[in-house]
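Some structures are shown below for you to check.
Below, subunit A partners subunit B and then partners subunit C, in two separate complexes.
On to the complex of A and B.
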């Protein structure tokens, strides 16, 4: 086992274990901080797929933006919001059973597809020998050229949508004057 | 060199964890976190497959777009959740079942 594989499996185990803890912990603040750990290790996994720029974007936007937004929104707002509604009610194993069943069955379906599929044998992957990224390639160069030429229309659409989300979120979150 | 199937395995497990959070949690923020897990699993697949597409890099570009869209979604959703809390005094989605005032 090379050191690359070892690092990959350690990081993916961190991501999956912390994700499992996020959904199973009762304390809401703890699960938000573990969510931080999951996003961080997902950025690590992106590096192993030779997508360094996407990994940095994940760190800047998710870890720096989304998470700070979540923490701010709920530590600065009402304290009762943080009280988990599940804690007050009776929450036996039976309550979680449907969710667990559906997600485990779905995981089984996905694994079965994955076993039958063998994605390394796809025709377009077999034919892409010289089109495959190497660890020494400069992905930012390719990304910049592609965003400005081939994917210019989605880029513009996303920028308009971001503006809409900005206005919408500001409008929704503002305090209304008492009439 | 890590085989594609391992990336897909990690992403499948993460997707199912997110699915569980969406189905079983009674807290709107935990449901939002579950959706973020599912989005991240999809982004991991995008990125893993784009390794074999150096010229167009479609996977990485759309992973970037998906990250940006997810960030915008979270901002709007948090604003909506705060408003819902102000109105109903709860963020349990099973208790919010009235459209009228």
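On to the complex of A and C.
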């Protein structure tokens, strides 16, 4: 086993275990901080998929943005509410049953797809055999060119959506006029 | 065959050992820097306030910070009874690591760079933003109202100031046309493979020196650098942007409850952050490891003063200069209020940064 493989398995295990703990921990604040670990190891997995730009973007958007916002929401809420969540009163097997059922069924679907799938049979996979990335390749040039040509319309639509969200947020944060 | 495999394994190990050695070297550099920066900070503040500063330990107090760190190493870990113990212990590690990881892509000289990533600029920008998670962790974990308020203030400030800083960085990247920090540094000196134009018209590729730095290649980057510098002060939580630690209001902000080695790690994180932001700015705007001296006629000063050791010398002295300015500002300017802080960020720095980005675009199209 090479060091790369070892690192891959360590990172994957961290991602899986921390994600499991995020949903099962009773302490909300700890689980939200653990979510940081999940997102961070996801970024590590993106690096192994040679998607370095996506990995760094994951850090900027999820860790630097979304996660910080979520923590802010937690920290500004009532501490007593966090320590004694109402949900913990009705614990027991029945309470967890729907969640467990859904996840087991989903795991079954994933396993079935994995077992039945023969990656070699698809034409597009066979065609792309020679067309692979190397770790030293500069991916941002391809990304930039593709965003500005092939995916220009979605890109612009997303930017208009973000602008709308910005204007909405600014409007909500404004002082109301005194009547 | 087995022997061959073994030899290959040793070679591969060797390969990784260099990585570990480089990381250790960077860590020890950062630690030593922090020690002496604390000493320098105390001496600078003393000079500005017409005092003597530390004078007892060693000649002119030069061993004062060594004595301080020895004291901190011996102290017991004090954890407040009501604190969240895991978060409280993890926070200093995250704060320091996020800054320390940023050093991975910063170039120190021609061919001296720990890891030349294609997206180095973006990587540094991203990894540094992880620090705010550590600060929030410290603020919550301490279970102290001053810590929590300090953490909230700190993160609100860091997140806001990331915007003008990011846009100022983009305007420099638009001139350099690459996100690889080492390539950005190469393009600002005599080693560049393309033409380097002083103010956009005079090709100074053979002359080098300060004439080929980014701020002199495109003069509007001087404004961008000033914006970046102000924002970097805010990201380091240093005066005049130190409301997260405002001593007169919040005791000392998010690290009120910390003591001993954990406090030392937070402090180490802060001083490495100063070095990191200064070095990042130097690479992007002020020529990185390139020499200050230009070639004048037969006097090839730039060629003589370009090399691995010269590179380290130049970048370290430039960064020390910038860190010195950071200290000077801290002991000169009063603290900004929250509303002044936010209006400076959103009403002055952000529009100016966008303006710089616009000029960079036009510059790229029309002049280069």
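The criterion applied here is as follows: the second predicted complex is superposed on the first by the 151 of 179 C-alpha atoms of A that agree within 3 Å, B and C clash if a C-alpha of one lies under 4 Å from a C-alpha of the other, contacts with A are read in each partner's own complex, and residues count from 1 in each chain.
Throughout what follows, contacts are C-beta pairs under 8 Å (C-beta built on N, C-alpha and C of every residue); 3 or more make two chains touch, one makes a residue touch a chain.
This is a predicted model, so every value here is computed, not measured.
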Subunit B versus subunit C, judged by how many residues of subunit A each one touches: B
Touching partner for A:64 - first (subunit B), second (subunit C), both, neither: second
First (subunit B), second (subunit C), both or neither touched by A:139: both
Touching partner for A:53 - first (subunit B), second (subunit C), both, neither: both
Partner chain(s) touched by A:5 [first = subunit B, second = subunit C, both, neither]: first
Touched partner set for A:23, first subunit B, second subunit C, both or neither: first
Contacts of A:162 with subunit B and subunit C, given as first, second, both or neither: first
Set intersection of subunit A contacts, subunit C complex versus subunit B complex: 53, 57, 137, 139
Interface residues, subunit B side, partner subunit A - complex: 1-10, 12-21, 23-27, 29-30, 33-34, 36-37, 40, 43-44, 47-65, 67-76, 78-80, 82-83, 85, 89-92
Of subunit A, residues touching subunit B in the complex: 4-5, 8, 12, 15-16, 19-20, 22-23, 28, 31-32, 35, 38-39, 42, 45-46, 48-51, 53-54, 57-58, 61-62, 65-66, 69-70, 73-74, 77-78, 80-81, 84-86, 89, 95-96, 98-100, 102-104, 106-107, 110-111, 114, 117-120, 124-125, 128, 131-133, 137, 139, 142-143, 146-147, 150-151, 154-155, 158, 161-162, 165-166, 168-169, 172-173
Parts of subunit A lying in touch with subunit C, wherever the complex brings them together: 2-3, 27, 29-30, 33, 36, 40, 52-53, 56-57, 59-60, 63-64, 67-68, 71-72, 75-76, 136-140
Subunit A-facing residues of subunit C, complex: 12, 16, 84, 86-87, 90, 117-119, 122-123, 125-127, 129-130, 132-133, 136-137, 139-140, 148, 151-152, 155, 159, 162, 179
